[in-house]
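First comes the structure, then the notes that go with it.
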Amino acid sequence: MTRRNCTPFGWILLIWLLAVVGCGSSESASKSDSVAPQRITITGASTLAPLVGEIGKRFEAGHPGLRVDVQSGGSSRGVSDSRNGLAEIGMVSRDLKPDESDLQRFLIARDGVCLIVHEKNPVRSLTREQIIGIYRGQIRNWKDVGGEDSAITVVNKAEGRSTLEVFAAYFDLNTREIQADVVIGDNEQGVKTVVGNPLAIGYVSIGTAEFNREEGAPIRLLPLEGVEATVKNVRNGTFPLSRKLHLVTKLPPEGIVREFLEFATSPQVHDLVKELSFVPIE
Amino acid sequence: MTRHKLGWNVLMAVGAWSTPVIVAGLFLWLLVDVAIRGWLAFVPGSPDASGTGTWLQGPGQIVQFLTSAPLRAGRAGGIAPILVSTGLILSVCLAASFPIGIAAALFLSEVVSEHHRFGRFVRCSLDVLAGVPSIVFGLFGNALFCRLLGFRFSILAGGLTLACMVLPLLIRSAEESFRAVPISQRQAAAALGFSRCSTLFRVVIPQASGGIAVGLILGIGRALAETAALIFTSGYVDRTPTSLFDSGRSLSIHIYELSMNVPGGNRNAYASALVLIVLLVIINALAQWLTARFLQRQILPI
Amino acid sequence: MFRSSNDQRLTTFLCGSATMAGLISLLIVVFLVLESIPALSHIGLSRFVTDASWHPADVADQGAFNLLPIVVGTLLASAGAILIAAPLGILSAIFIQFYAPGRLGRVYLQMVELMAGVPSVVFGLWGLIVIVPLVARVHPPGQSLLTAVLILSMMILPTVAMLSHAALASVPREFLIAAAALGFSRGTTIVCVAVPAARSGLATALLLGLVRAVGETMAVVMVCGNVTRIPSSLFDPVRTLTATVALEMGYARGDHRSALFVCGIVLLMGVAGLVGASELLGSRRGHDPA
């Protein structure tokens, strides 16, 4: 009458649980990455994550037994994780701030920033004053800058993003002055916004915009100061607006980390940089 | 009086029939959109909203898509390691949340009365948990599992974080269905001299299996659909994980990466979304079948 | 009550599990409070409602931390979403339970279950690529409160529908038989017998749906416009608390980051308020003497 009656279901569950955990306990959490790391952890800007991921894979191919783990999370996480040791290297998609000058920085690529509008928009270029006027909300209609009679949809980037800071610094705009109709996070979101709204204007990475345009996206990259917005022009230095992409470490790197950083800043990865639409450093 | 009845009936019938039309219409619109864009990724030379580059060519490539690793930041190659990671994360999540969830639901419905203070505290706490945004879960999971408990970026951390997210849904729907089992059944079991254990496992749980299945499916759905929580816990690495302590990217993170972060990733993003939806259909069917088979079989229809 | 030691062990296990489940949200609260202490001490609570705007990264000028427009955005988006999802969800459940012939009900339910698992990213993408341009044609910019409400309601509808269906399905058959015996028509049975009998389950469904709407992140970021202004029309862009955290967390430093955790606390307080209100108002009836 008081027989134990646990259903087979419960036993199956228990065995499954043990199996899953059991297969996981083969490799314990790698806290001892100090002397000869089998794993390099890199965290930081999501902009850089795909590029550094590919660089990491190529590096792994030449170093069997090594794992290069790339994590996302933002430039600030890259800085803080490399500072407190959670990551060996941090990815930062902006210039370092004054209070971050204790970190070692390594430039791995540059990224131009340009304005984009929809292809259907007849406007082909804008002067500096016009751009400032549009973003300050003083110019509200496309007809005031040579377009059709419709309201401008201004697309801005979210607070803290380096593209916003670079853009605002170049045009002497205070971030508080910008009157936006849409605020976006990533470059692709910006491109998709402009593609979906013929009255929109926004600014994104040149590489992303060029790539999408070649893929057939109906956008137009606006020239700046008379210079066409192309990756080539960022490369030869004629395009005025760009940001620097860095890898950072807390202390001067040694061993395998140093090898990796040398690899990442060498010409051996230029093809990877170009393929992901960034500008390799010369 | 007759006119009143007719009024109610017509109104209700109109409402009840038009709703599925609206809902199904909207959802099918989304499904068809994703399916077409996803399918086009497998057809050579097809123009797509994202462009003309064809990195996947031909229907035969579907198998390759499912079995090979991603190349070129995910724009080429397949999603095999990501499927493995997703499966492992889901397993950990279910393994952690199912026992605790069912046990907690049993506690709330069987052991304590409805107005018992501790029971109400737990219920309120779970309702609040259901409303925590996924990104807060991600940050919390990162702080608790990755840093405090030392799991680092790992599938285990991701699965456990997801388990926290899934618990409220599972517990609430299981509890509601346990409550719906008539008290007469429990009294009959007691009269027959069943122990508590037996009553629960032989009488109550099988009868509530429908509700448990609902909770399970909602939970699985929520787990598979999660992005923000996993970015900070199970991470971004798209390599095949060799253990639960490895970092592994889930399918929804992969879709997010390809569509929002990698230029030219649209194609594979939609293809991955298509795979996810097919996977969901299979998993849902499996969950239904499992609950029916193992739980409902305890009851013999009279 | 405890005849065998098995039962005692079982009860302990059940109690332990429930305690663990109940502690998680407490841990989260503690975590959020700890992380937002810097902001609360450096910036002070009043600035979160009195500052001119939300520009937390403007370090040169001490930054502005007004959360009010963002809170309003969350309220509007979630309220709109549940206003649409509640009737659609409950009517869906009624359809499946009482009106659908044969397999149609099962198929529709399976479709709703499928909807529950579609990632927010996919909903967001579809919203951004398909819905936003359509809305933009009516009234730019397209990313707006309206789009956010539409996408959110689609996302929470499965939760509401599935939980409502479970609630309606567990209404004892005797009630429905008795109603038929009394000559009630179908509509009357549903409205006057089934729904009241299932009301605790339905209330749970609505609460969990609403609470899910408040907490939804990824899809909202893509379609709501993210402009920190109180919207003056449905077509104006809006920003929610979750979108703020998602957009800015990766790039926030110091007080900005801490302020984002304050957003998290506000969210939790809102959810706790909703839950508390439903506790007070709700008449949760469990076992009906059959």
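Letters A, B and C name the chains as they come in the text, with residue numbers starting at 1 for each one.
Going forward, a residue touches a chain if its C-beta (ideal position, glycine included) is under 8 Å from a C-beta of that chain, and two chains touch if they have at least 3 such contacts.
Here the structure is a predicted model, which is why all the values come from computation and not from measurement.
Chain-to-chain contact here is organised exhaustively, every possible pair of chains being in touch. Taking each chain's centre as the mean of its C-alpha atoms, the one that lies farthest from the centre of chain C is A. Chain A and chain B have Cα centroids lying 30 Å from one another.
Distance between chain B and chain C, defined via averaged C-alpha coordinates, is recorded as 16 Å. Annotation: 31 Å between the Cα-based centres of chain A and chain C. In chain B, 99, 195, 197, 259-260 are the positions where the chain touches two or more neighbouring chains simultaneously. Shared interface positions of chain C, defined as residues touching 2 or more other chains, are 3-4, 6, 129, 246, 249.
In chain A, the positions touching at least two other chains are 2, 4, 46, 72-73, 185, 189.
Residues 47, 50-53, 72-74, 88, 91-92, 95, 98-99, 147, 150-156, 193, 195, 197-198, 201-202, 231-232, 235-239, 242-247, 257, 259-264, 294-295, 298 of chain B are the ones touching chain A in the complex. Here chain B touches chain C in the complex through residues 5, 8-13, 15-17, 19-20, 22-24, 26-27, 29-30, 33-34, 49, 99-101, 103-104, 106-111, 114, 118-122, 124-137, 139-140, 143-144, 164, 167-169, 171-173, 176-177, 179-180, 182-184, 195-197, 200, 210-211, 214, 217-218, 220-222, 224-228, 251-252, 255-256, 259-260, 269, 273, 276-277, 280-281, 283-285, going by the rule given at the top. Interface of chain A with chain B (complex): residues 1-10, 12-13, 16-17, 20-21, 23-31, 41, 46-47, 49-51, 53-54, 67, 69-73, 86, 185-189, 207-208, 211-212, 214-217, 275-277. Of all residues in chain C, only 3-4, 6, 53-58, 61, 64, 128-129, 132-133, 136, 140-143, 221-222, 225-228, 237, 239, 246-253, 256-257 touch chain A in the complex they form.
Looking at the complex, you find that chain C touches chain B at residues 1-4, 6-7, 10-11, 13-28, 31-32, 35, 87-88, 91-92, 94-95, 98-100, 108, 110-123, 125-126, 129-130, 154, 157-159, 161-163, 165-167, 169-170, 172, 185-188, 190-191, 200-201, 204, 207-208, 211-212, 214-218, 241-242, 245-246, 249, 264, 267-268, 270-272, 274-276, 278-279, 284, 286-287, 289-290.
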